[in-house]
Amino acid sequence: MASSTTASLAASPAFTFSASTFQKLHPTEYFRKFVSQGVRPDGRLLNSFRPTTVHQGVITTANGSAMVRIGGTTVVCGVKAEVAEPKLDAPDQGYLVPNVDLSPICSSAFRPGPPSEQAQVVSDQINRVLKESNVLDLKDLCIEEGKAVWSLWVDVVCVSYDGNIYDASLTAVMAALANVRIRKPTYEEGVVKVSGVDNTDEDDNSSFKLKLARTPLSASFVLFDTSLTLLADPNFAEEAISEGQISITIDEQGKLCAVSKVGAATTSLTSMRQCVDRARERSQELRAIMNQHQ
Amino acid sequence: MSRLDRTRTSPHQLRPFFSSQNLLNRADGSAQFDFGGSSVICSVVGPAEVKIRDEKLDRATIEIVARPLVGLPGVKDKTLERNIRETLEPLILSGLHPRTGIQIVVQTMKEDGCILSTAFNAAILALLDAGIPLKSILASVTCIIDSRTNQILLDPTIEETTHAKSTHVFVFDNKVSISSINPEDVAMDEDSKEPSHTGILFSDSTGLFTEDEFFECANACFKAAQAVHGFIRTAVSKKLEKEYQQTRA
Amino acid sequence: MDRKRVPGPELSVAPLVEYPVGYKRWTPLEEKRHDLKRQTEDMRPIYLKTGLINQANGSAYIELEKTKLACGVYGPRPAKKLGGILSTKGTLNCEIKFATFSCAKRRSNVRVLLESDGFGSCLAAAITAASVALAHAGIEMLDLVAGCSASYIQIGPNPASISSRTSSSKARGSISTQIFMDADLEEEKYEQGAIVLAYMPSLNEITHVLQSGKAEGSTISKSVEYCVEACNKIYAVMHHALLESINENKEAL
Amino acid sequence: MKEAEPSTNEREFLLAALKDGARIDGRNFYDFRTLRLSFGSDYGAVEVQLGNTRVLAKVSCEVIKPYPDKPTEGFLMFSTELSPMASSAFEVGRQTDEEVLVSRLIEKAMRRSRALDTEGLCIVAGEKVWSIRVDIHFLDHDGNLVDAACIAAITGLLHFRRPDVTVVGEEVTIHTLEQRNPVPLSIHHIPICISFAFFDKGGCVIVDPTHLEEQIKEGDMTITLNVHKEVCALSKAGGIPMELDQIIQCSNIAVVKVAEITAQIQAALDADAKKRQVSRK
Amino acid sequence: MASIKTEQPPGSLLPQGPSIVLPGDLLPAPGTRLVTDDDDAFITTSTTAPVIKLGPGLLVDDDSIGAIKAGILKHTPTGNRWWVESNQRRYVAAQGESVVGVVISKSAEHYKMDIGAAQHALLGVLSFEGASKRFKPDIKIGSLVYCRVSLANKDMEAELECFNPTTMKSDGYGELKNGFAIKTSLGLARRLLDPKTLILRLLGQHTPFETVIGMNGKIWVDSESPKKIILICNAIKNSEFLSDTECKTMVKTVIEKL
């Protein structure tokens, strides 16, 4: 479909140069041509998401892991459980520490060095969703009250960046957390021990899984052009020319866990409603994908 | 039902506003805005010289620096910076000042909930004071849904926030938004009695809430934001009257 | 304290792993490898794919069972002027990172390598992947470079298991040094030395050798031989992966 | 953005005026600018205005583990990042020499002079101690940041109340402000910084220089004193050499200024305490 | 200040009374022809309607005229000009305005001047009365110069000149020797140039002094003694937010101090 549309564009007399040159020169104008016809240069409809895959347990060195692909965006999330001292004001609570890493390997747009603003913002968003919609009871991570607790380092590494990092990261985080297996610890005078026996069968009681209260999953959109047309699941190019972003995060009962809208001119409540509705369907699809790979 | 801060009687009542403009002498513009016990001071410098690497040939570069009251800035403050920048950028007519920089510094002075909203309102007052050309102004209000009563509490204190099941921050401008011209929107407005021109400039909600609750919050905050808009207008008028009392003819 | 990340506890350690009495961990007693399916000269099966990173000019993803590694190539782009000196040579900047969760102990804030199982093999894999990624990026090269690793591990004491290949072992009685190709982490624990070799198969030239630990000359020369052999095998895989990517491009057009 | 140098006219006029015994803002050489102290609703928050210079200090506390070698010693930390709000010459994440200087002086004046009894911050030896944190925010820079910051810091510490705690064996209960009245910190003495600027090869000495005066000054010195005429710190980092008796003259001036400022701080604190009592009733 | 309920619906037309506008407020000019200051291209909505000339602080947004700054909406019947009288500190160079600048550096052709705007402005070494290749004025770096903005454009540095383009005479432009300079808001500078403003006259009654007022908020003052200059500068600064009567008393008290 994409190719055909491109062809028709190139054919139309308005163009004296190739579609690709035109895209480079006037990205917005280029997109407008497509959007006006209800499609996007990559052949998607305005409200369609890119093909998505979720693979759990891809990293054996981690306690839990998942690789998520949304179109050209690939992220890997690994969860490592380590032992730490609890905070004095929360002696029976562990730590859940999500961080997203956007390194130069996944896009030339990112520079080496400390996390960029974008990386920090995504990390903070995910951290807030996990906390505010109390996905995990941190008391479950207690080993010995006031002495030792589990610290779950949830690290998301972006391998390939092509937009919509929030959806990809959150999905990876939730899939990885669902995949977490921690060996049952024993605590003796300040030392936490776990068994090193590799027990591969599913229903062994030498290790435990996390009790996740809910699984929030998100759907993101960008607002395009002065018409503020909604484009679902933006890719890199679409993010670059977007006027603003909307992200809706929903759990399996259809409860909203987060709604964020930044940038652009005022957005009508109608388009907000459209996003919520679309996010509902999308999060269902995502859950289906997650489960079939489990 | 009396509010936890004991000064308010209604869940939709805002805490008293306070503002003062032009209170810093080194900045080009400055303002302080208070929602009761929460206070944010904001300074604006620019249009001023900008580092070559940040220079934009067609418009001014807008930089936001957010500083917390306690401790060193962290990822939270980065998110705050980004939220404020992404919201102000479309309001500021940066095309009128190409190859310059506009730096906005936001400093929390007192913390009792709703810091983001307080910061938004302080920032717009500071921009007005600095005479930065703007498409429109904005006003922000925060609300929570109380986990025990399921009631929407506007402009909550920190204490009230501890009982929140969800928190919602909204920003609205003073322009009639495109949504009102959009017909199906008007149509929809009849059944769900939403103000015909409720358009959201910025929205950030976390916690656990239903779709209807979200839109209820949006409307409650929209109504409350009108009071903030009115307050900003009065504050600016007062300042101008003081300035022009000599040349009033 | 790192201001630019979501903060966690200042100090956290991996739990102490303990094994129940009588639990038998792998030891290089017989010629058996940690992975029983492999002979000493066998490598792990390689999975190699190009073009996973669509923002990159060239990219490759390589998997040797547990070792997983992604490589992206960006450029050629104009180099930053080094004191304004005009150089007739380009520069190849290389950055290798381990994902925080790639090892038993969480590494703090480093990247790219997704999971590592054995150091030598991981360097070798990195070389292979980088070379494929460069080729995929269409950077002119003399030849592909394949990387391969081997460990020297003493086996025995068990006469039965003395390798007929290592003649030197006879002299030293029951103890003999065996070459384990492409050793994994468990095996590396017992290694006395290791070699990582990078080789350009079609030119038949070695571009890089990293030998560490003690080993007899004969063992080393042997290991080099084996590695070169192995590299030729790897080359086939690389070749295949690149052809694939070309075909895919054809289809796309 | 780098600082704009004052014009020759301003420079020459300022010096001429000083020769004539006058300062640009109409002050005498040994006058401090009007000092305003205002407190927030919560404890340990104080805003200091010294003429056009504005500083906000916020004191906070948390319970942490002490260093093993000092099991009964609490912590006192200062954060003195110069915000671009005070002057666009200050960049985020780039420490200017001025910043280093200011933070050092404050460290010296407050911590090294042992103004705060850190032993008194111990809850359970080797287990739990209070860590007191003073965040100093510079809002507006019209010279003499050090003096303003020190006044803000010490006033904040005097104004601050930490939650009350009861220890029963290993059991530590930290009481909320509702449960029990919070307790003040034990402050040994009140160190005050007095900064001087020198002009005319030391022929002219002024107190509390403005930004313009700092830009043109030939040398400077900061003396930290308390009401008991004890010198806590004295720093003269470079600048023109000064006669010993000039230094002594400066310290004599400082003694007077310290008395005035300490009195004003006390008055402000008392006034605030009264206000709180009234509001509590 | 308490919370104030507003009668002003958002994005409304102008408020009544002293017509104070905020960005986003729309001018009540339905169907008018209007001509923007900079370019005389005009938007016609109805040919019969009166022509409106737009000054600073107003902008045409598709078919409506909106305020972009907070200020007092001003209008003169002559040419039917509308603009927003607003105050700010940061100077933005505008053609024809007189400013006081500081010499930052100099080259063979130009003095680079700091006039308090985002970019430095250029003052040609020949843009002085009677200046020629042979005879060029020599102004030191750091000196104050009173000059006129001959060219201002958002996309390039402003250019300055030290003579009146019509008469080619210096007209008081040029280097300012001695004296002292203070920085005030642009609004105050503008008002000081307005004869309706009392403060300068009041001061003049008590002590003779010279002053040069730059539209960029830089004000140069010279008088017989430093003390007097200081007094005048501070009086001017303090006058900004005072009424006429308050000014009178303020001036009286400071003069007595002298």
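When the chains are written out, they are named A, B, C, D and E in that same order, and each has its own residue count from 1.
Note that contacts are C-beta pairs under 8 Å (C-beta built on N, C-alpha and C of every residue); 3 or more make two chains touch, one makes a residue touch a chain.
What you see is a predicted model, and the numbers here were worked out from it, not measured in a lab.
A.B. asks: Looking at the contacts, which chains touch chain A and chain D alike?
C.D. replies: Touching chain A as well as chain D, we find B.
A.B. asks: What chain lies farthest away from chain A once each centre is taken as the mean of the Cα atoms?
C.D. replies: E
A.B. asks: With contacts defined as at the top, give the pair, B-D or A-C, that has more of them.
C.D. replies: The comparison resolves to A-C.
A.B. asks: Tell me which chain's centre, taken as the mean of its C-alpha atoms, is farthest from chain B.
C.D. replies: The most remote chain is C.
A.B. asks: Indicate, using Cα centroids, the chain positioned nearest the centre of all protein chains shown.
C.D. replies: B
A.B. asks: Between chain C and chain D, what distance separates the C-alpha centroids? Give it in angstrom.
C.D. replies: 58
A.B. asks: Give, as an integer number of Å, the spacing between the C-alpha centres of chain C and chain A.
C.D. replies: 30
A.B. asks: Roughly how far is chain A from chain B, going centre to centre by Cα mean, in whole Å?
C.D. replies: Spacing between the chain centres: roughly 28 Å.
A.B. asks: Where the centres are mean C-alpha positions, what is the separation of chain D from chain E, in Å?
C.D. replies: 39
A.B. asks: What are the residues of chain D that contact at least two other chains?
C.D. replies: Touching at least two other chains: none.
A.B. asks: Pull out every residue in chain A that's touching 2 or more other chains.
C.D. replies: Chain A, residues with two or more chain partners: 120, 123-124, 127.
A.B. asks: Among the residues of chain E, pick out those that touch two or more other chains and give their numbers.
C.D. replies: Nothing qualifies.
A.B. asks: Which chain pairs here would you call touching?
C.D. replies: Every pair of chains in contact is listed here: A-B, A-C, A-D, B-C, B-D, B-E, D-E.
A.B. asks: Going by the contact rule at the top, pick out the chain A residues touching chain C in the complex.
C.D. replies: It is residues 58-62, 65, 72, 74, 76, 78-85, 95, 97-99, 101, 103-109, 112, 114-115, 120, 123-124, 127, 151, 153, 155, 157, 159-162, 183, 185, 191-197, 236 of chain A that touch chain C.
A.B. asks: Enumerate the contact residues on chain C facing chain B in the complex.
C.D. replies: Interface residues on chain C, with respect to chain B: 1, 3-7.
A.B. asks: Name, in rising order, each residue of chain D that touches chain E in their complex.
C.D. replies: Spelled out, the residues of chain D in touch with chain E are 4-5, 7-14, 16-17, 20, 22-26.
A.B. asks: Please give the residue numbers of chain B that touch chain E in the complex, ascending.
C.D. replies: Chain B reaches chain E through residues 14-19, 27-29, 45-50, 91, 93, 96-101, 128-131, 133-137, 172-176, 197, 226-227, 229-237, 240-247, 249.
A.B. asks: So in the complex, the part of chain D that touches chain B is made up of which residues?
C.D. replies: These residues of chain D touch chain B: 1, 40-42, 45, 47, 52, 54, 56, 58, 60, 79, 81, 83-88, 92, 133, 135, 137, 139-142.
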